[in-house]
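Alright, structures below, take your time with them.
In the two complexes below, chain A is the common chain; its partner is chain B in one and chain C in the other.
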Partner chain A sequence: MTTEDFYWALIDLANGLMTGATLGGYYALISVGLALTFGVMKLVNLSHGDWLIVAAYLAVVILGLYPVSPFWVLLPLVPMMFVIGYVLQRGLLNRVSTFAVERRGLSPIMAMMLPLLITFGISTVLSQALQLVFSTNAQTIRNDYSFSAIALSQDLSISTLRLGFLVLAAVLIGALALFIQRTHIGRAIRATSDDAEIAALMGMRTAHVYGVASGLSLMFAAFAGFMIGMSRSFQPFDGPPYLLTAFGVVVIGGLGSLGGCFLGGIVLGITQVLAGTYFGPAAQQLAGYLLILLVLAARPQGLFKR
Partner chain B sequence: MTRILEVTNLTKSFGALTVAKDVSFDVAEGEVLGVIGPNGAGKTTLFGMLSGHITPSSGTVRFGGKDITTTPPHRRAQLGIGRTYQVPKPFGQMTVEQNLRVAATFAGQMDQRTADQWIGETLALTGLSAHAGALAGGLPLLVRKRHELARALAMRPRLLLIDEVAAGLTEEEVSAFITMVKSVRSLGIAVVWIEHVIRTMLTATDRLMVLADGQIVAVGSPEQVMALPETRRIYLGA
Partner chain C sequence: MDLSNLSAIGAPPVTTNASKSAPWRIGALVLLAALVIVPLVVGTDSYIVHLLMTAFIFATLGHAWNLMAGYGGMLSVGQQVFIGIAGFSEAILIYYAAAPLVAVWIFAGLVPLAFAALLVAPMGIRWPLRRSWALVVFFCLVAGYEIAVTVKPELDIFGDNFTRRAFLLLFLFLGGLPLLRLRGAHFAIATWLIAESVATIFSGWPLAGAGGGMQVNADVDLLTLYYLALGLVAVVTLGIFLWMRSTFGLALMAVRDDEDAAASSGIDVMRIKMSIFLISAFVTGLAAGLYFMDAMIITPASGFSISWSSYVVFVVVAGGMGTVSGPLIGAIVFVVVDRILGQMSGQGQLVLGLMSIALMLLLPQGLAGLFGRSMRRRTHLIPFLRSPSISGEGQ
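This part shows the complex of A and B:
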């Protein structure tokens, strides 16, 4: 191997690791909401991917009405999505929670099936509604950052937007973890996620706690949807593939674990990009799923869960 | 004495199975009422109806003079009904101190500073001060049982429902619990205490109530009740 070959091999590897890590930040943000609803409500939210797309469309609509710099859209978008999450949980999902199903004396099979059916239904309704309103034309959030990159050396550069999203993911997930650890309502979320019956016995209004957790979940979907819109185009039926990615991340990181979500995203991102670098683009998705399969077989509790 | 809890004609059926039938009793403020009865007598169902997890088919529950028959569990907790479970159910991923804190700040509705002080006192009373920083999920059984009581106390309840603590404990550990229950009473907290091992609770209870097949068989002073032929038949016959 000549020196030059070695140099390029190193550049390939460095590039793969960096691109993979930034892709990982993106994956992590997509997955946090899913991890949260699963961790707290034990709810598998099949409509998670569609909510990301809804957020992206909302961002486009708001920016269409008020053409400001795109980042400002987060200001109305994030609280809006929180409210939608809260109302959705209180108005609909709480009625099919394990708790509610038990109280109505339905079988455990129903407790398992009802939330899946309902969220699958929401997924269908959302994507159809988006198609009805926006047609199937691809949309994107117009911005000046899409193609900008930071050059680290002559042959090595990193996408500004992607790097920004990695940082955003780290900051937001860290903030969420602190919120859940340190605040009054955060402690209620942890207690309720551990044992909802006992949490009620300790004076916590679990319906409200679930509402807040669901609101937080969609709040993260707002960030993720914005990020999707900023870095690529999207269509009404793009939700399910994102849901699939999020499932992968959550499995790798450990079901319901927030830190695991972040690290899981990065591991998945790096695996995919490196596989793409060395075995061609076709290997990228395959490597991702192989990794998920491997983790499920060897460490079903996830790589980053004690 | 003022009555803190008034239960009137409480009945609960699951389909054809009646697990509580016309149960009526009162608890006075600061009183310790023992509840005994064979397995399946409806003791735990009764607690479920008092804490709000089980909705009675008919009858009323009044607490502090207020009808709470349809009040949800979290509201009852805030009103001052605390409960422990036979199998301790701590929030395992939280420390002992954090477990007590959610109880004090949510059910007890204390601000953080009041909670700090009350948690300190509760830990001392239940002998848990040394375990304050430990994860509740990793505690050994005896400590878990203390923790279960401590967390219910941290709510600063007016009525404490204790569901079987004696099972699995040694004589000494049981008497330590009795001492704790006595100090709970000295705080002015009324107690309803379900127990399977009867002897343990006789010294700490003001009155004893016997349940069998969802009905009250006898109520009275521990000596009276234990001398009744019905009680003897249920316990010695079984």
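This part shows the complex of A and C:
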């Protein structure tokens, strides 16, 4: 091996690690909503991926109506998704929570299955509805940043957008953690997630608390969907891969932990990018899935928990 | 407390309702006879025959999923992996070997069965040490094959370096994965991930059309397919009806309702789950084999589509989870909604999704639950939907 070969191998590795790490921020933002619903309501929302795509389409629609700079779209989009999440939880998902299922006299196994089946149904409905409205053409949020990169040295560079999203993810997840730690409703969310029955006895409106948690979850889906739309193209049926990735990140990071999402995202991102670098682009997705399966099987409590 | 159910647990279950269910048996025989002569009445190439065949296939798929989810408590959203594998193995056998129809059909069931066996294999071996030895042996075999291929390229039956490596390593990996230990959402997501991983390989495999799909030229007429599908659904329905009344069925439902309690009363939980998983894969493969002989074409996108899972979920949820009649009723509703209404509006799947959400909210017992309590008691011995602890408190 000559010095030059060695140099290029090193550059490949450095690029892979850097791209993977920035991809980690992107994955963290995709999965934080799922982690929240899982942590608070023990609900695995199988339609999470499709809500990201819904948010991306909404962003395209809003920008089509008001052609402003793309970042302004977050201003209406984020509250909109919060409201959708709140209404969805109060109107639909609260009816199949563990409580509600018990109250209806159904068996515990139904309490496990009904939420999964319902959210799976929502996933089908969302993707089909998107296809009905927008057809299957790939869409994207047009912007000037997609191809710009910051050059670190002659052969090393980093995508501006990805770096921006890494920072955005860190800020947003930090803000969410502060919100849950410091505010009144945040304390209510923590109390309900610890023991919903006792929280209800203490006078908390658990239905409302669940609604807020679900709203926050979809609020983060709005950020993530916007980010997906900015950095790549999307189609109505793109939801499931994002759900699988998000679930993987949540599992790797330790179920329901917000900081874990960040670490999990970075681990998954680096694995995928390195697999893509060394075994070709087809291996990228596969390596991610295999890592998730491995963690599910071997360490279902997460890589970073003892 | 419901005393009839208690006695059902204690007594030898096969004989409990033997005399009472006589009208049902006669009804089932009459229905079967009617379905046998339908093609002779309406004409052998009629659209009705095709619709009925589709209903039989989806009822069988529903039975296979219901066996796992409804009776076993294992919620899978990855049945499409068996469907895709069945379709592709069928297409490959026809294209490369020109095998006769029955051989092709059985093969379409056996390959998913083998794949399922691979997925549950680690659970059959109790001692972790031996399991790791098996993995080491397999890994050495894979490595040896890799070396052999570099020396003599014609030994490579996969036709592509990446596919070969990904294929063998994925299968090696899945062989070591203790899939059945996962529960609830983890199991669901794991099955989905497995389906997606296998689909990734098939979508780049030159031998299987390199993502463009393959033709399934089975050279079979609709009437044969109709009778094969009818026979399959009849045998599977009868099999499940009898099986769920045996000690095995009771043990299975005990595992579903409380895995730890079942294990501590001496039920071999892993053996039960393994058998259910294998049977489900085999039946799914046979049904999918018939489907693709009729569809005549398979692509990775159609074979491994997540839509399969949403169809099957609809079939079972609409009919009634954990009941024998559920998938049959659900399949009829499915054909009416998806194939008849759906073709008029072009939005079959959207309607199916909305209907399944509504049904789960309003009628979690499914349509089979509508026929009243007396029938429910006959169709499942241990009540699936009523929680026994509070059913007597007047709630």
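Here, the second predicted complex is superposed on the first by the 302 of 306 C-alpha atoms of A that agree within 3 Å, B and C clash if a C-alpha of one lies under 4 Å from a C-alpha of the other, contacts with A are read in each partner's own complex, and residues count from 1 in each chain.
Assume contacts are C-beta pairs under 8 Å (C-beta built on N, C-alpha and C of every residue); 3 or more make two chains touch, one makes a residue touch a chain.
As the structure is a computational prediction, the values presented were derived from the model and not from experiment.
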item	value
Which superposed partner A:L201 touches (first chain B, second chain C, both, neither)	first
Partner chain(s) touched by A:A282 [first = chain B, second = chain C, both, neither]	second
Which of chain B and chain C A:G121 touches, first, second, both or neither	second
Winner by number of chain A residues touched, once chain B and chain C are compared	C
First, second, both or neither for A:G64, with chain B first and chain C second	neither
Touched partner set for A:A188, first chain B, second chain C, both or neither	first
Residues on chain A lying within both footprints (that of chain B and that of chain C)	none
Partner chain C, residues of chain A touching it in the complex	44, 46, 92, 95-96, 102-110, 112-114, 116-118, 120-125, 128-129, 132, 240-241, 244, 247-248, 251, 279-280, 282-283, 285-286, 289-290, 292-294, 296-297, 300
Chain A - residues contacting chain B, complex	184, 187-188, 190-191, 194-195, 197-206
Chain A contact footprint on chain C (complex, rising order)	69, 73, 75, 77, 162, 165-166, 170, 173, 177-179, 181-182, 184-186, 188-190, 192-194, 196-197, 200-201, 204, 256-257, 306-307, 309-310, 313, 317, 321, 347, 349-350, 352-354, 356-357, 360-361, 364, 383-387, 390-391, 395
Chain B - residues contacting chain A, complex	51-53, 72-74, 77-78, 83, 85, 89, 91-94, 98, 101-103, 105-109, 151, 155
